[in-house]
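Next up is a structure, given as structure tokens.
Should a chain be cited, it is by its letter among A, B, C and D, assigned in written order, with residues numbered from 1 in that chain.
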């Protein structure tokens, strides 16, 4: 049971400068707490609620920035991919390829990600049971890649609502993959704002505390210096100024959770 | 209110001969009842539960067969696409491009399908509310294609279970798109058999009767001469021998449903 | 397969005059359509959302009115009971004792109702699966009363929402009890209005059509001459003026549903 | 924020001797950890899945035992009541009257419990949203009793399954009532064993850890020296031998959860 790792960053890659600012600040926060950090950011939001939602910097603009972040700050990078053609080029500059929840059953994407040899982090579909992830893990390991992470990010619960079943964490861990808890997307209200997805930022600490006490390998938290002005997922991102206090408590829970 | 149309066929394109046999038999059945028929078949099952699930004939083998079916039998063809590159070549030989439910929020796929000018049939995600489909319709119509169909195929209800909310039918119709009821996938038990998805064929007539009485433009029913030996979706396909009696009753319900 | 029966009436017994007016009007409607009628009304609403919700006339005031309605109009009467002490006195003047959904697992109430010898209609709890009703039926029949009806009225679906699973109708029928579809409470939005329960009257015909096409013994519809001024369940009661047209269509569906 | 209290005991009152043995052992465990203890036990199981399920000692046999437990061991006692007539006599010998989840909207029972002046602990119905409990609290406080506890015990999630939404804990706390987490009934599988309710004892620690990390006033855990031989709720009771280690960790989480 290794200590808790933090996977964090803004939802979208907004600009080179913004990425370096956020990554630098997160590196300081993680160092102060003595925890590992993976920097997360997206080059494309491929399933925005509406066509007019901002989609991000795009692959070509993002890859050199990812490479520089990684080299200059020494941080592992995680980003999500949406089409199999993206896997190989993205794998050259990032450490973890993330499969979005809606795409968690798309065989070709899973296999293409697996074949890069990078760590593959699959978000559990909102429509899947935790034990259903066994087949997902098998698709990746059968493709020759044993490095799979599984992420809990909520299950469909009626309309426009997700619920996090904390039992999913040990059930997925028993499949042999380290488990990540995504505290940001678990508090989404899908479609809840009509033309965009809503969120309940105030429940990020609630669910993160619960998940860390149950026991997870990593917690995933999207953050921003000013979430209400972020181009996506603003309603469920945590202001970076609030992150140190939240993490301090999570680290304390993690120590107890993993004590013999 | 046009009379009910039937969208039917086997889950997968198994072979040229099998496709012609099934399409011919379905054409006879539809003619005898005086209803319209769209022939449905898939060239690839891109999200099988496990890697070992049979995926189908593949795009290259399928397109000439689709073209011949259409020309020789005079039937409109519907098939599902999974990647944006597939849209243009498939659109040359089919009449309706279908977006799978898991992919119903993937903007690029929706736009690529829309830009072919073909009718686009979007299956409502198991994780979406019926009113969420407004944004999906908008993505297609804003791309210049007004020909959208929406298909109900069940909503996530706890683990490994779908439920059909019949209110979804009029709610989606109010978005301005003709509504299809997929009686086959609505009775799936996702992941219910461990390494494959289960189904409850006995409830296909139950849900189809309910949906037609509420009022739909079309009913979608996968069928096979021997479902238990079909390469996919066997547990929820209806034996073709049982189809005429079921359809006869659906047509009678449809007449009452659409009477003034 | 007997023809469809109508169970109808206002949610609450408001006054002797109102009850006679409603029952008389319903009797005319049912006669015109040639269908059976059971008059439904409640003497007490024991689980209103808030203390200030109107509870009804009370047992003592209601029983003589029930007796007179039954004798003068020749109508069977259905009412709901909430405590075991109510079973015996109520059974003297009504034909069907109804167990509310929240109380569908309360053994003493079920047994007391069974022991009256009257027909017992149990509403399926919003928290129960249709197959769970087997144990409920057994509690009544093991108490020496074989006359059980089971009513579908929706299942919990996330927060403040119910969904009707039409598969529940044949599943419960297979338990050996005639099945009633309650189209009124299936469209409730429990707690949806803060201090009171909401409803979506516009979906009563939708769900009633679906259920009758699947096949039920009876349809339960609460009605009122002016639902928006009714003391309870107004948002989901159908104006009585709209009932004849709705029922006419239901009767047509029922004939097809039950044809050989 | 007072330190965590333990509400514990066997599901049923089995015998005077068994009650004294269990209560004595629990008192030792709680003392060793320096936490408060409320002894929980039921005199009647009024909603067993089937008629043949054991119901318990009964009111008359139980009350003197409750009185003796309380006097001789100095422990506050909690028991559940099912009918309004039970409230007054039970209130004479117990400290907390508990309203079962299925009955959480029964106005007369809530008011009768409130009028005893004892603390009233209401279990949130599996069919209610956490914010719906505001009306429940209001029914009790409007009856002149401000001493209300609210208990989370899971929400309906598809069929035969409950899910615990950890957001419910702070939402209910914001209603002004101390919140209890019932780790025992939250892992029930209602109706999951056909003629009896199943459970998943292995998830009791998982959910208890999560809830305590979020922050609760008390945790409710049913326990038994040999759960598999207990007359009810065996599948979800924790063996008392495992309780000290579990509680030790919960107390550590509680300290961090409630630190400034």
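We adopt the following convention: a contact is a pair of C-beta atoms (placed from the backbone, for glycine too) under 8 Å apart; a residue touches a chain by one contact, two chains touch by 3 or more.
As the structure is a computational prediction, the values presented were derived from the model and not from experiment.
The interface with the greater number of C-beta contacts, when A-B is set against A-C, is A-B. Look at where the CA atoms of subunit A average out and do the same for subunit D: the two points lie 36 Å apart.
Distance between subunit A and subunit B, defined via averaged C-alpha coordinates, is recorded as 33 Å. Annotation: 48 Å between the Cα-based centres of subunit A and subunit C. Each of the following residues of subunit C touches two or more other chains: 155, 157, 159, 163.
Viewed as a network of touching protein chains, the structure reduces to a complete graph with every chain in contact with every other.
Of all the residues in subunit C, the ones that touch subunit D in their complex are 46-51, 55, 82-84, 102-103, 105-108, 111, 125-129, 131-132, 135, 138-139, 142-143, 155-156, 159-160, 190-191, 194-195. Considering their complex, residues 155, 157, 163-167, 169-170, 200, 203, 206-207, 209-214, 249, 252-253, 256-257, 259 of subunit D touch subunit A. The touching residues of subunit B, counted against subunit D in their complex, run 157-159, 161, 163.
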